[in-house]
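In this document, chain identifiers A, B, C, D, E, F and G correspond to the written order of the chains, with residue numbering beginning at 1 in each.
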Amino acid sequence: MEKGAPAEPEKETQVDLGKLLNVTVVVSAKDGRRFRGKLTQYDAHMNLVLEEVEELPQEGPAAKHKLVLIKGGNVSSISV
Amino acid sequence: MEKGAPAEPEKETQVDLGKLLNVTVVVSAKDGRRFRGKLTQYDAHMNLVLEEVEELPQEGPAAKHKLVLIKGGNVSSISV
Amino acid sequence: MEKGAPAEPEKETQVDLGKLLNVTVVVSAKDGRRFRGKLTQYDAHMNLVLEEVEELPQEGPAAKHKLVLIKGGNVSSISV
Amino acid sequence: MEKGAPAEPEKETQVDLGKLLNVTVVVSAKDGRRFRGKLTQYDAHMNLVLEEVEELPQEGPAAKHKLVLIKGGNVSSISV
Amino acid sequence: MEKGAPAEPEKETQVDLGKLLNVTVVVSAKDGRRFRGKLTQYDAHMNLVLEEVEELPQEGPAAKHKLVLIKGGNVSSISV
Amino acid sequence: MEKGAPAEPEKETQVDLGKLLNVTVVVSAKDGRRFRGKLTQYDAHMNLVLEEVEELPQEGPAAKHKLVLIKGGNVSSISV
Amino acid sequence: MEKGAPAEPEKETQVDLGKLLNVTVVVSAKDGRRFRGKLTQYDAHMNLVLEEVEELPQEGPAAKHKLVLIKGGNVSSISV
């Protein structure tokens, strides 16, 4: 499927979150909450810092936060 | 069961996800969600990046995402 | 209970899955699903690759998959 | 998206909690409780020490604590 | 409570499962299932291999298995 | 906020439980139980030993224990 | 609070279970079960071996076991 030299070019120790820096993402958390905001920091544990955040409720209006740090262990998925 | 020389050829530190790169897979997540998309990145924690993703609901229409990163700890199974 | 010389011959760092390679097994997963298929790969995290897989539902017909990778952390038991 | 020299300036081994020291934060815990207080200590496991703490109940009045140590494994998110 | 020389003779890196090898034990698993069988293998993760196994249901007849590997992370207790 | 030389004086590998030694604390456990007692030992896993302990029930009278060791993995928070 | 020389005498890598060896303890497990028995072995993962064990049910008579090994990951607390 891969062609040529690149020996396992994708198998990094960590998938690349760099492309999502400063991008508005939606983070689904294990505790059922969802957050939409700009990804401004991450680390190897997938701890994430979002800024200008809307917490998207199941129903009703979104709560707003200046900054939310979501613990890596609480991250289920990040979507764009 | 094995014949001849191959000394534990299968017992790698990580099962081989390379064959699934750029293949459309279905990922079942611990949080009950299911995603169908093209696997474009993975790492040793089994963090997965899918592109051109459909989130398959229990019922109703599928939500679409350009890209979804599913945390390794949230992956239950990957099927083809 | 053991007699003679064998100094802890069974206490390996990993129980031996090699004997189950290419054997049809039933895997019970933490998420409640059960899979029957041929074990074709495994690793030290007990990530398992089954081929020619039936997903055994609580009721109704079995779903079929060409290949299923079950995350080690989602494995409860493997039976023969 | 990044321009120029900064090679992965954000990918630290740990996102930076230093900016939140002595700031009043809201911590959402896995066990469903929420705490508002001044962050006075943290460590690499994201164990957090809050002082002058209000435990925010789903309903009814807030309980007050002089100091609460929240185990890292129990932290879901920190918001400002 | 201990008398004399034995400096912490019990504090091993792993409690001794060796005495239970080839003994019929009952394993209670986290997923609520219980298995009675002969312990034939174990490892440092407490992955267990039972042979000649009865899966003891809450009610109704016991299912029988030739061999069951129970993942260490799914083991709650082993009793004799 | 910190003054002078101390570079990241708070970011220890472990938040400081030493100040709470011999102090009466309330420990909230993951399993929903709460304990009030004097903290007499702790370790890097946040395993805690309380002495002269009251187990605080949701309702009804408190059970008393001479000593309770609470596993670090079962600790949600410690409050004063 | 501490007086004199003892520099962090309590902060061991593991709280001391040695004092509880051969003592009758009650172990509360994550899976909701409780066991009363004599602690005869433990290790760094807090795997525990109890002998002469009563499994204390929510209601009804206690089940008896000659020996129970409780997996460290299933231990919530140990009380005396």
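To be clear about the criterion, a contact is a pair of C-beta atoms (placed from the backbone, for glycine too) under 8 Å apart; a residue touches a chain by one contact, two chains touch by 3 or more.
Just so you know, these numbers come straight off a predicted model, no measurement behind them.
**Q** From chain A, what is the lowest number of touch steps before chain D is reached?
**A** Counted as steps through touching chains, the separation is 1.
**Q** Rounded to a whole Å, what is the gap between the Cα centroids of chain A and chain C?
**A** So the centre of chain A lies 32 Å away from the centre of chain C.
**Q** On a C-alpha centroid basis, what's the spacing between chain E and chain G, in Å?
**A** 18
**Q** Can you list every residue of chain E that touches 2 or more other chains, as numbers and ranges?
**A** 17, 30, 73
**Q** What's the ring order, kicking off at chain A and moving to chain D?
**A** A, D, F, G, E, C, B
**Q** Sort out for me which residues of chain A touch chain D in the complex.
**A** My answer: residues 17-19, 21-23, 29-31, 33, 35, 40-45, 47-49, 53, 65-71, 73-74.
**Q** Show me the residue ranges of chain F that touch chain D in the complex, using the header's touch definition.
**A** Counting only chain F, the residues touching chain D are 1-2, 8, 10-17, 20, 28, 30, 46, 72-73, 75-80.
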